[in-house]
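Letters A, B, C and D mark the chains in the order given here, with residues in each chain numbered from 1 onward.
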C-alpha cells in the first residue's frame, strides 16, 4: 500500500478533472456520441481509495467510471479512444464510456446497471477470500441502494465475511449536511443510508467527499480492517453536486477549471463560485496544502501544465485512432480456447 | 372489524390443524401429489390477523397458505378439492396447494416464490390508498427477507405510505427466544429481522406466535394505525417449528392432535410433548381459556366434533370431485372480453 | 391529423387517465433521453400528478406494484424505462403477472401494462439495447404489443389502458419516438392481434414489427424504384397474439418471405415466423425464407460496429433480392 | 459402467473439485426434492465443504457472486435450483455474465456455470415448471448445455467446470435424474456444440434435447415396431452452440423433421430449428416440419391437466406419422 504525497494527490485529482473537461468538449463537438457521465466533484474519493490498493486487488465501477479508472492508473489515451468508440480503446470501441474496464489493473468488469456491480464485486471478494489474497473496492451511486441487488449483496457479504469495501458515492448532498445530518431523499426512505447495511451487521462510516485528507484517513483505516479479515465495510461518501451536472448532458458552467480559482479569483457564475468555495475537493485540497506550506502556486501550475499536456495527448491519440473495422463487431462474443468448436 | 370469542377462536385454529392433518394423510395415501406445506403451529397468527379484516381488505399468501385462507373464510371442501387437483377446486385444479387463492374473499393472488408476493401486496395497498378504502395483510416467511424483492417492497411501501401490514412468520425460533432475544440465522445476518424494515423507516414489532391473545392485541393495534393512514407496519411473528415439519414431507409424529393433550395427557414422542407444552398456540390457548373458566373440556370436545365432521365432508367432497376434463388445461390463459380477437 | 409516435403515446395516456379513474401511472418517464418527446408528456404530468407514483430505481418492486394494483382493481401503467431493465422485473412479469389469471382458475384478472422503451437506440451499448420481445413470447398469459407507427402507438396504448383485461408488455422504441403518421382518433382501430398490411405487393412479403416497419417500408420503396419488385409489407403490431393467418395469407400470395426483426437472430421473433411458414406455409414457399436480424452479438458501443449489426433497409432489400434469386 | 444422470452430475462435480482448486460451489442442492439423487452428492459435501458457500435465498446475489468470482479467476458452479428461479437472476445472467467478455474487448473471461433444474417435473404447477432455454438462446455470450442422458450429464458438466472459458447455463431436468446410461469416463467426449445421433434412421428425423431425448427414443421404438418406420434421433446436447449442420444433414437424408422440445410452442427451441430448416434446408423438406411442444399455456398443477400439455412419446409418434402422410 502506497500513500501519495500532496503534490501527487493534486496531480491525480486534476488529471480526472481535466479528462472530464475534455469529454464535455468532445461531446459538445459531437465527437463523443451518446450519453455519458463525468466525475467532476468526486475526484478525491477515487484517488484516496485507489491509491491504497495493491496489484491483486479489484475495483468495480459504474457508468461514472472515468475517475475510478484514472485513479487506478489507466492510460488516458486508451480511455479516451474507447470513449470515442475507436479501435485504440481498451475494448476496441465495444464498451464506450458506460462499461470501461481495464482487466490488467484489476478493473475487470464495469456495469452500467444501477445495482449491477454489487453482486459482482461481492463475488470477486469471495474469490479473494478463497485464495487468501486481495480485496475489493466497490464504487456505486446512492441510487444503487434502491435496487434489490444491493440488498442481496449486503446479505451475502455479511454472511460470507468477504474482504470488500462498499463505497457508496452519495453525490447530491447539500454542503451543510456533508459531515453530519440526516440524509433526505424522496426515493430512499432511510434516515441515513448507512442504517441499511448496519441492519445487516455491516460496520459503516460516513465521510465528507470534499475533504481528501478525511477520505484518506477513513479508507486507510477501513481497508486495514478489511485486510485483517474483519469482513465487509460500508462507507457513505457525501459529495455536493457540481452545477455543471444538472443539465441532461454535463456542461462547463464557466469554462475549464482555473488554477487561479484556488488563489482568490472568482468565476462569473455564482452557483459555481459557491460550489468551488465549499464543495470542490480539488480546490479545497490545494488551498489547504498551500496554507500549510506544502505546495505553492508555481508548483500547482507546473502540475497543471503536465496534466494539460497529458490530456492534449490523450485527445490527439483518440482522435487519430481509427474507427474499428466493422468485422470487429463479431469478435470477443465468446472467449476462444475452452470451446471445442 | 369483528373480534372472535374464545370458542370461535379455538374453532378457527382447530379447523386449520385438522385440515392440515388431512393433507398429511392424503399425501401419505398418494391422493395428494407433489410437494406441499402445512400451517401446523402457526394457526393463531392467521386467525388473529384475518378476523380483523373487512370485505374490501386483501391478503397475500405463499406456498404455506392453507391456514391463511381458512381463517379468511374459504370453504375447506373447495380448498381440499383444489389441493387434490380436482375440478371442484377453487381453480379447477390449476393451482393446487402452492397458489391457492379465493378472489371473492380478497385473496386474489398467491405466490409460491420466495419474496414473490411482497411486491404484489404492496401494489394492492397502493390501490387501496388511491381508492381510499381497504388495507392489505401480507403473509410471508422469514426466508422472504433474503430476497431483493422484499427490500424493494419495503422501500416502496415506506415511500408511498401505503396501508399494509407486512406479517413475517418466522417459524424456526427456539421457544426461549420467542418473546425476546436476538434472531440468529446462518443465512440472514440481521441481529433482529425487524432491524431491516426499521432502517427504512417502517414501524415494527415482534410478537409471540404461540400466544393468541398477544397476537390479537398486536394486530388490532397495528391495523388500527394502518387504517388511520399511518403507513405500513411490519411485524415479526415468532413461532417454533413443529416436529412433524422436519422431514422433507410433513409427517404426524404421533398421529392426530388430541384434545386430551390439552388436558394433561402426554403423547409418546418426547419432542412432540415438549413442543405441545411450550409452543403449540392451539393447546396453549385452550389451556388458558380453561384456566380462566371461559371454556370447559366438553365445549372443546364439541368444537372438535364439529371440525372433524367439517373435515370429513371436505375430504369426501374432494375425493368425489371429478378430475378436470383435459381440455380445461387450455382455459383461463387470458381473460376474455378485453381482447378483440 | 399528423402526430409523432411520442405524441400518440402521450395523448393516449392522457385520454385514458381522463376517462377512467382506475388508470394510474407508476413512473412517468416513457420518452428516454429525448427532450422533444419528453415535452409531449407535460399535460399528463400537470393534469394527473395525483395519479402518478414517485418511483425509486426498483424495477422489480415497481412491476410488482403494478400487478398488485391491477389485481386489486386498478389499471396501472408501469414505466420500466429502457428495455434492458425489464430483466430486473422478470420474476414479477414472467412468473407472477402472466400466471395469476390462470393459477386462479379465472378468478382474478391482471390488467396491468408494462412500458418498455426497447431496442438499439444508437450507442446504448451492450447493457442498454435489449429487445426482450422474443423472450417474452415464451410466456403464455402475456400480451405483447409492438407498434410500428405513430397511429398504432396511440391505438395500442389506448387499448391496453382502457380495454385489455390481461397483463400487457407495450414495447416502444427509442428511434421511433419522432416518427410521424396520420391519426384519425375516431376511426375504429384494427383489432389487436391483427397485423396491418402497410403496403400491398405481389412479389415478396416483408414481415416487420416496431422499428423494422419504417425500414421495411423504405426497403419496399427501393425494391420498387430500383428493381421493379413489388413488395408487400406486413406490420405484425403485436407478437402475442401473433397474427399467423395474415402472414400465411401474404406469403401464399407472394411465395417469398423476408422477416425483418431487431431481435438477435437465434431464437428471435423471426424464428417463430419462419417456423410457422415451415409448418403451415411450406407449400406456398417458392424460395427459402430469409431472416434479417441482429446477429448473435452483444451490442457494441461504437457507431461503426453497431451499424454493422443493425437491421437496415438495405439489408432487407438484399434479403428480398436473394429470395428472388437475384 | 452404468450410471444415473444424478450420479453423472455428482461424479463430474467431485472430480472437478479434486482436479482444480479454482472450482468452487455456490450452493449445493442440485438434486431438487429427489432423495435418491440427493445421496449422490454426499461425497462432494463431505470432501469439499470448505469450497461450498452457504447460500441465503438470494438468487440474484448468488448468480452475481459466481460471475464476480469467475471474473476474479475462479471457476464457480452456482446452484440456481428450480428452473423458474433463474428469472430472479436474469439481470446478472443475461446482462452481466453474457456481456462482460465482449464489453471488455476480450480482456476479461467469465468461466462461471449456472445450474438450473428446469422443466415440467410433475405437479410443479405454473411457478416451478419453467424451461428457460429458448429465452436464454436470445442471449449471445452464453453457452447453454442440455444433456439428454446420464453420460452427457457427466461429460458436459465436466467440460463446463474444467474447460469452458465462458458463462454457461447447465440445464438439468427433474425427471432425468434417475435415467441411466453407459459411461466410459476415459473415452473422449463428443465435442461440445456437436449433436449426438442417438439412433440412425432414414424415414424421419426426430430432433430432441434434454427430457425429450428419452421420449424421442421411445417414439422411435414405437415407430419401428408398430409402423415399420425408421426414425433418426438427434440429441442436440447444447442449444448454444447449436449444431445446425447435424440437423440439416439428418433432414437432408430423411426429408422429414419432427422437433420435440419441452418449451412452449411459440418462440421456443423448436422454432429456431424449424426456422433453420426453412432457411437452409428447404429443398430437402418432403413434408411440413412438425413441432411437438408444450402448448402456450401456463403449467397447471393437476396431473390430468399437466399430462394434456406434456410432450410424450405418443405425441412424437403422431407427429412423425403426420409428416409421413399417415
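Everything that follows uses one rule, which is that a residue touches a chain if its C-beta (ideal position, glycine included) is under 8 Å from a C-beta of that chain, and two chains touch if they have at least 3 such contacts.
On a predicted model such as this, the values are computed, not experimentally measured, just so you know.
Centroid distances from subunit D, each centroid being the mean of CA atoms, peak for A.
The chain pair with the larger count of C-beta pairs in contact, out of A-C and B-C, is B-C. In terms of their C-alpha centroids, the spacing between subunit A and subunit C amounts to 37 Å.
With centres taken as mean Cα positions, subunit C sits 41 Å from subunit B. Separating the CA-averaged centres of subunit A and subunit B is a span of 48 Å. Chain centres here are Cα means. That of subunit C falls 30 Å from that of subunit D.
Among all residues of subunit D, those that touch two or more other chains are 54, 56, 58, 60-61, 84, 88, 91, 95, 99, 102-103, 125-127, 140-141, 295-298, 300. Residue positions of subunit A with contacts to 2 or more other chains are 92-95, 99, 111, 113, 116, 146-149, 152, 155, 159, 186-188, 333. In the complex of the two chains, the subunit B residues touching subunit C come out as 58, 60, 89-92, 94-95, 99, 101-104, 108-111, 113, 116, 118-128, 130-131, 134, 148-149, 152-153, 155-156, 159-160, 331-341.
On subunit B, the positions that touch subunit A within their shared complex are 146-152, 155, 158-159, 186-191, 195-196, 198-202.
Within the complex formed with subunit D, the residues of subunit C that make contact are 84, 87-88, 90-91, 94-95, 98-99, 102-103, 125-127, 130, 134-135, 137-141, 240, 242, 263-264, 266-275, 277-280, 282-283, 285, 287-291, 295-298, 300. The part of subunit A that touches subunit C in the complex is made up of residues 33-35, 85-86, 92-99, 111-116, 143-144, 146-148, 186-188, 248, 323-324, 326-330, 333. On subunit D, the positions that touch subunit A within their shared complex are 24, 51, 53-54, 56, 58, 60-74, 76, 91-92, 95-96, 99-111, 140-141, 143, 159, 163-166, 191-194, 241.
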